[in-house]
(Lines give C-alpha, C1' and ligand atoms only; values in the text may rest on other atoms or scores of the structure.)
Protein backbone atom coordinates (compact mmCIF):
# COMPACT_ATOMS: atom_id res chain seq x y z
CA UNK A 1 0.00 0.00 0.00
CA UNK A 2 1.11 3.49 -0.79
CA UNK A 3 0.45 6.62 1.31
CA UNK A 4 -1.78 9.16 -0.43
CA UNK A 5 -3.67 12.30 0.42
CA UNK A 6 -7.40 11.91 0.05
CA UNK A 7 -9.24 15.04 -1.00
CA UNK A 8 -12.97 15.50 -0.62
CA UNK A 9 -14.68 18.51 -2.13
CA UNK A 10 -18.32 19.35 -1.59
CA UNK A 11 -19.50 22.31 -3.56
CA UNK A 12 -22.22 23.69 -5.78
CA UNK A 13 -22.99 21.60 -8.87
CA UNK A 14 -22.44 24.58 -11.14
CA UNK A 15 -18.80 24.56 -10.10
CA UNK A 16 -18.22 20.91 -10.96
CA UNK A 17 -16.70 21.53 -14.38
CA UNK A 18 -14.27 24.07 -12.94
CA UNK A 19 -13.24 21.74 -10.12
CA UNK A 20 -12.61 18.83 -12.49
CA UNK A 21 -10.70 21.00 -14.97
CA UNK A 22 -8.50 22.14 -12.19
CA UNK A 23 -7.83 18.63 -10.91
CA UNK A 24 -6.78 17.60 -14.40
CA UNK A 25 -4.49 20.60 -14.69
CA UNK A 26 -2.76 19.73 -11.40
CA UNK A 27 -2.24 16.23 -12.76
CA UNK A 28 -4.50 14.32 -10.41
CA UNK A 29 -5.00 10.99 -12.22
CA UNK A 30 -8.65 10.30 -11.42
CA UNK A 31 -11.65 11.34 -9.43
CA UNK A 32 -15.06 10.17 -8.31
CA UNK A 33 -18.20 12.30 -8.44
CA UNK A 34 -21.43 11.77 -6.54
CA UNK A 35 -24.15 14.07 -7.82
CA UNK A 36 -27.42 15.22 -6.30
CA UNK A 37 -25.99 15.47 -2.86
CA UNK A 38 -27.97 17.62 -0.48
CA UNK A 39 -26.66 19.65 2.37
CA UNK A 40 -26.59 22.65 4.55
CA UNK A 41 -23.63 24.94 4.75
CA UNK A 42 -22.79 28.47 5.72
CA UNK A 43 -24.55 29.63 2.55
CA UNK A 44 -27.87 27.95 3.31
CA UNK A 45 -29.51 24.69 2.37
CA UNK A 46 -29.13 22.88 -0.96
CA UNK A 47 -31.87 20.33 -1.49
CA UNK A 48 -32.56 18.07 -4.42
CA UNK A 49 -36.11 19.30 -4.89
CA UNK A 50 -36.88 19.72 -8.56
CA UNK A 51 -37.14 23.46 -8.19
CA UNK A 52 -33.60 23.90 -7.03
CA UNK A 53 -31.79 21.16 -8.90
CA UNK A 54 -29.50 23.73 -10.39
CA UNK A 55 -28.28 24.57 -6.91
CA UNK A 56 -27.72 21.02 -5.74
CA UNK A 57 -24.31 20.03 -4.50
CA UNK A 58 -21.75 17.56 -5.74
CA UNK A 59 -19.25 15.47 -3.83
CA UNK A 60 -15.90 14.99 -5.53
CA UNK A 61 -13.29 12.61 -4.15
CA UNK A 62 -9.79 12.21 -5.41
CA UNK A 63 -6.36 11.20 -4.20
CA UNK A 64 -3.13 13.01 -4.78
CA UNK A 65 0.44 13.12 -3.58
CA UNK A 66 1.75 15.08 -0.62
CA UNK A 67 3.30 17.49 -3.16
CA UNK A 68 0.01 18.20 -4.95
CA UNK A 69 -2.06 18.93 -1.83
CA UNK A 70 -1.22 22.59 -1.47
CA UNK A 71 -1.83 23.31 -5.13
CA UNK A 72 -5.24 21.65 -4.96
CA UNK A 73 -6.12 23.49 -1.74
CA UNK A 74 -5.11 26.85 -3.19
CA UNK A 75 -7.21 26.22 -6.28
CA UNK A 76 -10.29 25.27 -4.30
CA UNK A 77 -10.15 28.26 -1.99
CA UNK A 78 -11.69 30.85 -4.39
CA UNK A 79 -14.40 28.37 -5.47
CA UNK A 80 -15.34 27.68 -1.85
CA UNK A 81 -15.21 31.38 -1.06
CA UNK A 82 -17.64 32.21 -3.83
CA UNK A 83 -20.10 29.31 -3.56
CA UNK A 84 -19.55 27.85 -0.11
CA UNK A 85 -18.62 24.24 0.40
CA UNK A 86 -15.93 22.22 2.03
CA UNK A 87 -12.56 20.81 0.99
CA UNK A 88 -11.15 18.18 3.33
CA UNK A 89 -7.71 16.61 3.19
CA UNK A 90 -6.90 13.40 5.04
CA UNK A 91 -4.32 10.62 5.08
CA UNK A 92 -4.98 7.24 3.53
CA UNK A 93 -3.20 4.21 2.13
CA UNK A 94 -3.97 3.19 -1.42
CA UNK A 95 -3.82 -0.45 -2.50
CA UNK A 96 -1.31 -0.69 -5.33
CA UNK A 97 -2.41 -2.67 -8.36
CA UNK B 1 -5.72 24.42 6.62
CA UNK B 2 -7.42 23.80 9.91
CA UNK B 3 -7.68 20.47 11.77
CA UNK B 4 -11.22 19.16 12.04
CA UNK B 5 -12.99 15.99 13.03
CA UNK B 6 -14.87 14.39 10.18
CA UNK B 7 -18.02 12.55 11.17
CA UNK B 8 -19.73 10.00 8.96
CA UNK B 9 -23.09 8.59 9.93
CA UNK B 10 -24.83 5.82 8.07
CA UNK B 11 -28.25 5.02 9.37
CA UNK B 12 -31.82 4.33 8.45
CA UNK B 13 -33.50 7.03 6.34
CA UNK B 14 -36.32 7.38 8.84
CA UNK B 15 -33.81 8.68 11.36
CA UNK B 16 -32.44 11.42 9.07
CA UNK B 17 -34.52 14.24 10.50
CA UNK B 18 -33.49 13.32 14.04
CA UNK B 19 -29.81 13.14 13.10
CA UNK B 20 -29.90 16.54 11.39
CA UNK B 21 -31.85 18.16 14.22
CA UNK B 22 -29.26 16.93 16.61
CA UNK B 23 -26.33 18.19 14.55
CA UNK B 24 -27.94 21.63 14.45
CA UNK B 25 -28.47 21.58 18.19
CA UNK B 26 -24.80 20.74 18.81
CA UNK B 27 -23.89 23.69 16.61
CA UNK B 28 -22.33 21.81 13.72
CA UNK B 29 -22.36 24.42 10.93
CA UNK B 30 -23.18 22.24 7.94
CA UNK B 31 -23.64 18.73 6.65
CA UNK B 32 -23.90 16.70 3.48
CA UNK B 33 -26.50 14.01 2.89
CA UNK B 34 -26.40 11.23 0.31
CA UNK B 35 -29.73 9.46 0.09
CA UNK B 36 -30.72 6.07 -1.27
CA UNK B 37 -27.60 4.41 -0.05
CA UNK B 38 -27.81 0.66 0.19
CA UNK B 39 -26.05 -1.54 2.63
CA UNK B 40 -25.82 -4.47 4.90
CA UNK B 41 -25.35 -4.14 8.61
CA UNK B 42 -25.89 -6.10 11.76
CA UNK B 43 -29.64 -5.53 11.33
CA UNK B 44 -29.84 -6.99 7.84
CA UNK B 45 -29.79 -5.61 4.34
CA UNK B 46 -31.20 -2.24 3.26
CA UNK B 47 -31.74 -2.10 -0.48
CA UNK B 48 -33.24 0.63 -2.62
CA UNK B 49 -35.83 -1.66 -4.20
CA UNK B 50 -39.18 0.06 -4.41
CA UNK B 51 -40.69 -2.30 -1.87
CA UNK B 52 -38.32 -1.30 0.89
CA UNK B 53 -37.60 2.32 0.10
CA UNK B 54 -38.74 3.28 3.54
CA UNK B 55 -35.90 1.24 4.95
CA UNK B 56 -33.16 2.62 2.74
CA UNK B 57 -30.16 4.16 4.38
CA UNK B 58 -28.69 7.63 4.32
CA UNK B 59 -25.11 8.75 4.55
CA UNK B 60 -24.51 11.97 6.48
CA UNK B 61 -21.12 13.66 6.56
CA UNK B 62 -20.19 16.62 8.66
CA UNK B 63 -17.17 18.19 10.29
CA UNK B 64 -16.91 19.45 13.82
CA UNK B 65 -14.36 20.52 16.37
CA UNK B 66 -12.49 18.27 18.76
CA UNK B 67 -14.75 19.63 21.52
CA UNK B 68 -17.98 18.68 19.74
CA UNK B 69 -17.03 15.08 18.92
CA UNK B 70 -18.08 13.48 22.14
CA UNK B 71 -21.41 15.24 22.19
CA UNK B 72 -22.15 14.08 18.64
CA UNK B 73 -21.05 10.53 19.44
CA UNK B 74 -23.23 10.39 22.55
CA UNK B 75 -26.23 11.63 20.58
CA UNK B 76 -25.79 9.09 17.81
CA UNK B 77 -25.43 6.12 20.13
CA UNK B 78 -29.16 5.61 20.90
CA UNK B 79 -30.08 6.08 17.23
CA UNK B 80 -27.53 3.48 16.15
CA UNK B 81 -28.63 1.18 18.94
CA UNK B 82 -32.24 1.30 17.83
CA UNK B 83 -31.85 1.20 14.04
CA UNK B 84 -28.32 -0.09 13.43
CA UNK B 85 -25.82 1.88 11.45
CA UNK B 86 -22.36 3.27 11.85
CA UNK B 87 -20.85 6.51 13.13
CA UNK B 88 -17.20 7.01 12.21
CA UNK B 89 -14.92 9.77 13.44
CA UNK B 90 -11.64 10.58 11.69
CA UNK B 91 -9.06 13.33 11.45
CA UNK B 92 -8.92 15.71 8.50
CA UNK B 93 -7.67 19.12 7.51
CA UNK B 94 -10.17 21.60 6.18
CA UNK B 95 -9.20 24.24 3.61
CA UNK B 96 -9.96 27.63 5.13
CA UNK B 97 -11.78 30.06 2.86
CA UNK C 1 -15.10 4.66 20.55
CA UNK C 2 -13.21 1.81 19.00
CA UNK C 3 -10.38 2.09 16.43
CA UNK C 4 -11.27 0.62 13.04
CA UNK C 5 -9.88 0.56 9.54
CA UNK C 6 -12.14 2.26 7.04
CA UNK C 7 -12.04 0.80 3.56
CA UNK C 8 -13.30 2.62 0.50
CA UNK C 9 -13.52 0.83 -2.82
CA UNK C 10 -14.44 2.53 -6.07
CA UNK C 11 -14.75 0.18 -8.98
CA UNK C 12 -16.81 -0.82 -11.95
CA UNK C 13 -20.46 -1.65 -11.19
CA UNK C 14 -20.14 -5.05 -12.83
CA UNK C 15 -17.69 -6.02 -10.10
CA UNK C 16 -20.01 -5.10 -7.22
CA UNK C 17 -21.29 -8.59 -6.58
CA UNK C 18 -17.76 -9.97 -6.48
CA UNK C 19 -16.59 -7.24 -4.10
CA UNK C 20 -19.49 -7.83 -1.71
CA UNK C 21 -19.11 -11.60 -1.82
CA UNK C 22 -15.51 -11.20 -0.90
CA UNK C 23 -16.23 -8.84 1.99
CA UNK C 24 -18.70 -11.35 3.39
CA UNK C 25 -16.16 -14.14 3.07
CA UNK C 26 -13.54 -12.14 4.99
CA UNK C 27 -16.12 -11.64 7.72
CA UNK C 28 -16.63 -7.90 7.37
CA UNK C 29 -19.93 -7.34 9.19
CA UNK C 30 -21.49 -4.68 6.99
CA UNK C 31 -20.99 -2.32 4.11
CA UNK C 32 -22.51 0.69 2.40
CA UNK C 33 -22.93 1.01 -1.36
CA UNK C 34 -23.46 4.19 -3.35
CA UNK C 35 -24.38 3.40 -6.93
CA UNK C 36 -24.29 5.48 -10.10
CA UNK C 37 -21.10 7.16 -9.15
CA UNK C 38 -19.24 8.76 -12.02
CA UNK C 39 -15.55 9.20 -12.37
CA UNK C 40 -12.38 9.25 -14.29
CA UNK C 41 -9.57 6.85 -13.65
CA UNK C 42 -6.60 5.39 -15.40
CA UNK C 43 -8.99 3.35 -17.56
CA UNK C 44 -10.95 6.33 -18.86
CA UNK C 45 -14.13 8.08 -17.88
CA UNK C 46 -17.22 6.40 -16.46
CA UNK C 47 -20.25 8.60 -16.82
CA UNK C 48 -23.86 7.94 -15.96
CA UNK C 49 -25.12 8.69 -19.44
CA UNK C 50 -27.73 6.15 -20.46
CA UNK C 51 -25.44 4.68 -23.11
CA UNK C 52 -22.81 3.62 -20.65
CA UNK C 53 -24.84 2.81 -17.56
CA UNK C 54 -23.40 -0.65 -17.56
CA UNK C 55 -19.97 0.82 -17.07
CA UNK C 56 -20.86 3.17 -14.23
CA UNK C 57 -18.93 2.92 -11.01
CA UNK C 58 -19.92 2.04 -7.49
CA UNK C 59 -18.56 3.27 -4.19
CA UNK C 60 -18.37 0.70 -1.42
CA UNK C 61 -17.46 1.66 2.13
CA UNK C 62 -16.87 -0.73 4.97
CA UNK C 63 -14.97 -0.97 8.21
CA UNK C 64 -12.82 -3.83 9.37
CA UNK C 65 -10.23 -4.69 11.96
CA UNK C 66 -6.49 -4.16 11.66
CA UNK C 67 -6.19 -7.92 11.15
CA UNK C 68 -8.60 -8.02 8.20
CA UNK C 69 -7.05 -5.15 6.24
CA UNK C 70 -4.41 -7.11 4.40
CA UNK C 71 -6.82 -9.82 3.39
CA UNK C 72 -9.25 -7.27 1.99
CA UNK C 73 -6.45 -5.43 0.15
CA UNK C 74 -5.13 -8.64 -1.39
CA UNK C 75 -8.61 -9.57 -2.57
CA UNK C 76 -9.25 -6.19 -4.16
CA UNK C 77 -5.95 -6.08 -6.04
CA UNK C 78 -6.95 -8.38 -8.96
CA UNK C 79 -10.33 -6.65 -9.32
CA UNK C 80 -8.68 -3.23 -9.48
CA UNK C 81 -6.05 -4.57 -11.86
CA UNK C 82 -8.65 -5.85 -14.27
CA UNK C 83 -11.21 -3.03 -14.14
CA UNK C 84 -9.37 -0.05 -12.67
CA UNK C 85 -10.56 1.66 -9.54
CA UNK C 86 -9.24 2.58 -6.16
CA UNK C 87 -9.11 0.94 -2.74
CA UNK C 88 -8.27 3.29 0.12
CA UNK C 89 -7.57 2.34 3.71
CA UNK C 90 -7.66 4.91 6.51
CA UNK C 91 -7.91 5.10 10.28
CA UNK C 92 -11.13 5.97 12.05
CA UNK C 93 -12.88 5.63 15.37
CA UNK C 94 -16.25 3.92 15.44
CA UNK C 95 -18.92 4.87 17.97
CA UNK C 96 -19.77 1.76 19.94
CA UNK C 97 -23.45 1.07 20.41
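Side notes on the structure shown:
By written order: A, B and C. Residues from 1 in each chain.
Going forward, contacts are C-beta pairs under 8 Å (C-beta built on N, C-alpha and C of every residue); 3 or more make two chains touch, one makes a residue touch a chain.
Computed from a predicted structure; not experimentally measured.
As a matter of contact connectivity, taking chain A out of the picture leaves the rest undivided, in one piece. Of all residue numbers that take part in the contact between chain B and chain C, under half occur on both sides, making this a different-residue interface. A rotation of 120° superposes the C-alpha trace of chain A on that of chain C, rounded to the nearest 5. Centroids built from CA atoms put chain C at 19 Å from chain B.
Taken residue by residue, chain B touches two or more other chains at 34, 90-91, whereas all remaining positions touch fewer.
By the touch rule above, chain A contacts chain C in their complex via residues 1, 4, 6, 20, 29-35, 61, 63, 90-97.
Put simply, chain A touches chain B in their complex at residues 8, 10, 34, 37-42, 48, 57, 59, 73, 76-78, 80-81, 86-91.
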